[in-house]
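The following pair of complexes shares a single chain, chain A, combined with chain B in the former and chain C in the latter.
Presenting the complex of A and B:
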């Protein structure tokens, strides 16, 4: 992985240091894939790739929103709770058709994101505390709404979203890919994206420049929560049941990990959309590789911890230079 | 504000009046900000005493205190960390790890049951502290990694969380369940540690260094305070206290339960913040943290008393309280700055 690159005889150390945090994650993926091709049986079969992609899709969707929030020097701990809320609302509105269920879950996302955004932008709370309130309260509310019951979902349209195919690729993956493109476009080609990065880079300066800082911040948190609610919807569609106490549990950690490993600095001012996708893929590959080689989940967790530390350490070096 | 009045003939009196009023507001706001959690706690307890006959009983108060013992220890460590402007997400995992280790080690006697969890959790605290102080990586991300690492370690020693070690040592189990003057040993232990923590924070050089580092790291460094050493120590303390909390819980339950403790770190942060400690560091008290932990504990107890209320409401109410307190605090700080 990344350490192997350091060990290589470096032609120009400073250039390597510049290069590593940007492309280290891709290098790690390539190395890991090569390893798997040679040493893991059935790795290159379509059914395996398919399973990996389906599993990583919800994390990618949540991580996209998280990357935007982290780009503004914030953090959103409430994404898992948003997924739970979306999951709890779906069975209630599924009777009116799949559109109603989607609208209900997205509205829940907008509401949560709006509260988060107002607390951060208008009241001036630290993002970690503002979103902590809904992290604690949101899942409780979701379980209250669903009365703590696991509800089966039998709507064929919704199930198609979760386990159907389009041109041989799961619908889930198409949706995730489309959202990646939308967010990448948002960051790179729109005024909103520029403003978002400006806020993360230097908020006082952005305010002095007359940009609508509060409005942009609120929008960012709304976008993040809506993405999380879509992820919640897709999670319900995939497992064909809604369990508010389990959906999206600890996904905030996976999402933050994906963003950080993908090379987006926690200090804001920069969002690496493709890096985030790669970060999510890398963590998924690591887990899959370890499972295929009969390593325990405990080992996987410890390896994940080390990968996070390496990724942040490498990124940090570039900043101080 | 006072600048414009200076040329006025009645200036001195007006200025004096103005400053007096500003000072008064400042004092009141300061008291509310520091003791807000205590006031809310008093109101909630009065309401509970009036509304629920069962709440009044001594047994129930003892139950609340014993249940609050482990969260109190974790929140105590978290207070020190947050006062330096940091955060420690690993305490929930360390709490579980400490419990499993204590239950496993209790077969080798009482001393081992306390020493093993304290050593391991303290060592993880050292790693946290060194990484944060010397590589300047964000506390959030370092302790997030420690959260994952400690959980992995816990699962590794408990056969992926499926093996529950039973406490083998009777003395150890008595420490968790016995009582002195009708108040459980854990409560006494926690009370002693809280007093020690208060003395440490307000009466020693280390305590002042903690406030100084949280107030302004650069200024603290220029004053000749050992910023890095202070930072390392607060994370070590946090790790040790989380491990101790786990050990006490294992003694109470008589086993090392592997499934508890998820989200414990966030409860601790919530209690500290509700207690009036600013997440930006440099301001806050242990007394506030005590009120914060007890407030959350009392709310949980009340919800259990209301039989027909779904226990999941507890999270909703805790989250609501957290938002309310933090928003109120932010406005109080702003008010103070203006006046």
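Presenting the complex of A and C:
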């Protein structure tokens, strides 16, 4: 027995390299949860879990779209601005009912996504530059629409989306979970999902194979922006006010972090939907743990940075294998 | 004493002997042609000479001394400069700044002496026929002029050996003359030049000696004047004229399966694209394999890509089975039944991170799906059929294509094309870089597909493969159709004669 035990590590090391980028994020979550169970008072209470889930839900929703875009070897910096646009439009249309407000904010998402997609797929701009334009301009427009004012939202239906419960679980969390399933289904089961991965894997090859590359790319950016607009809508519903200058601020960075930590490579061709959810959860847990142990926000940021570096490093190891 | 000497150098990459005991000598003031088809080892040899690669065996001797260049920088410092096809200078900096990059003249305060730099640059470049304002960004100059700047820079940093990799590929005829003037000047100053080109005219005009590489080995080296053009072509394509075998060494049956009276399944009319293609026209009948012959850079790959909609055309017309596609997009081409197997399998063919099944099903996903939802059962059926038919060896359909051998990758690519039920198959180097067994299988498959009535266009730099695989060979040179071999004249000799003849014009 001792002999096999000696021979094993070499095999396990190469296995570990395969295994770590795929499942490392889950392992980290388990470890962190275990730590908190033993060392953080009141961690394992439903009220705490509930708060964590509510806080992470918008990030998960935005990160899902981001994962799709990153799967095509792109990136979308404009998601926070899309949230702001959606938030700014809600008070204007809420008078016609919740449905009208939802439609208005989703239409804004479609419009922004379409512009992003056209800039990337047809004009041929680099995704980071194309979406930077709307990152800057989108929020500006949102502030203009809302006339720079914070507006309270009192529509009970909308507030239910943000603060209500269904079977004891926040509606917000149900919506995020449903969207996770939809996106996972999109990636695994649909023609669109397979094409998206192929484009990220080798764009010239998919063009030669006769795939409608531009159409797929535009659709990906539209889906990403629509998800962001839903996140914006839910953010307004939760805080019961619309503040275009604050909603979704810096969320693009949280979303990209969740995607990367979840094991989706920035080089495209692969999308880890569950990994992305886990990535968002992990970052949320890290922040919560730090706060509960009274560490400075600046310390939290540095720890986040280290986690991102580890995630990217682990992924790199696998590439050079 | 030789200026630069390569002695028994070998370079091995996983699975390939890129250079196999290669030796050659470059004398002072000699213009030495280095020729060979794709994959012959020219680029590897150049990279060994310039310190990009280290030889696995053998040695370099520079001015009689054994030399080792660990990095391109070391080779450059020792006096070996390379002018690449693509100019590698800084397009946004001025011409003068590029010329003096890293060795800028300073004034007495240690600051950049712009006036002197611009003046000297202008004087120097005048000698190279470049009269443009040296203060303009390099990128605004014509490509030819940029190349001259690169050359001037190479000579300025005291180069003793200048390696030119297809320097004329983007030059106008007038610029070529200027370049040759400069080369003669360098020659007179005792600088050794290694000249890589596929334009035979140029070689005979400017070069003193020649070394021919094939499959990583030197097949000939000596004075160029002593070598007939047709012999040069024969050596490049790898056939001793006397020993062109009758039986053939490929898996092609040699039987024509086309019906001579049938309507063409593919008509290509007047394809033209700036610089690269000029009025290329030919027909392919069902069951016929039409070869595209010619040397590297003759426009074979461009023709294939243009038919498949992946190369920009200025004029031309593609018709498939009577349907006029004009200048199709890739989507239209695939829909009309054109399937293209690109030359560069890794860059434009396979999607390495995806599985065998995803790669095979890629182009036919809508047919494998209802309301946008893919049916795994349908995909599995197609994937299994082609994996069996093409004998694709993978641990499972879920294995990533990037992990397969070259031959199996190629088969996966062919399976993807066949799954679209094409009418016309365009194959660009279908057997490059794959092992002998897979090669024979692919060749057999091409025959089989033609027999089933597909029109096939075949490009191969392997003359045997082209001659034995094709029923008819359309010979290209510099983007122009210069001849067509049919019937009994589809032979290696005739192919070589047509290529060599064309070059005599």
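Quick notes on this one:
Simple rule for what comes next: the second predicted complex is superposed on the first by the 310 of 321 C-alpha atoms of A that agree within 3 Å, B and C clash if a C-alpha of one lies under 4 Å from a C-alpha of the other, contacts with A are read in each partner's own complex, and residues count from 1 in each chain.
One rule holds for everything that comes next: contacts are C-beta pairs under 8 Å (C-beta built on N, C-alpha and C of every residue); 3 or more make two chains touch, one makes a residue touch a chain.
Small disclaimer: the values here were computed from a predicted structure and weren't measured.
Within the superposed three-chain model, A:256 lies in touch with chain B and out of touch with chain C [touch as defined at top]. By the touch criterion stated above, A:266 is placed in contact with chain B alone, chain C being left untouched. By the touch criterion stated above, A:297 is placed in contact with chain B alone, chain C being left untouched.
Which of chain B and chain C touches more residues of chain A is settled by the count: it is B.
Within the superposed three-chain model, A:198 lies in touch with chain C and out of touch with chain B [touch as defined at top].
In the superposition on chain A, contact of A:305 is made with chain B only, not with chain C. After overlaying the two complexes on the shared chain, residue contacts for A:124 are found with chain B alone; chain C is out of touch.
When the shared chain is aligned, chain B comes close enough to touch A:140, but chain C does not. The intersection of chain A residues touching chain B with those touching chain C, taken from the two complexes, is empty. The touching residues of chain B, when paired with chain A in their complex, are 87, 131, 135-138, 140-142, 144-149, 151-156, 160, 262-263, 266-267, 269-270, 273, 279-280, 310, 312-320, 322-323, 326-327, 330-331, 334.
By the touch rule above, chain A contacts chain B in their complex via residues 75, 77, 119, 123-126, 128-130, 132-141, 143-144, 147-148, 250, 253, 256-257, 260, 266-267, 296-302, 304-306, 308-309, 312-313, 316, 320.
By the touch rule above, chain A contacts chain C in their complex via residues 189-192, 194-195, 197-198, 201-202, 204-212, 269-270. On the chain C side of its complex with chain A, the touching residues are 308, 310, 330-331, 333-335, 340, 342, 347-354, 358, 361-363, 365-366, 368-369, 372-374, 416, 420.
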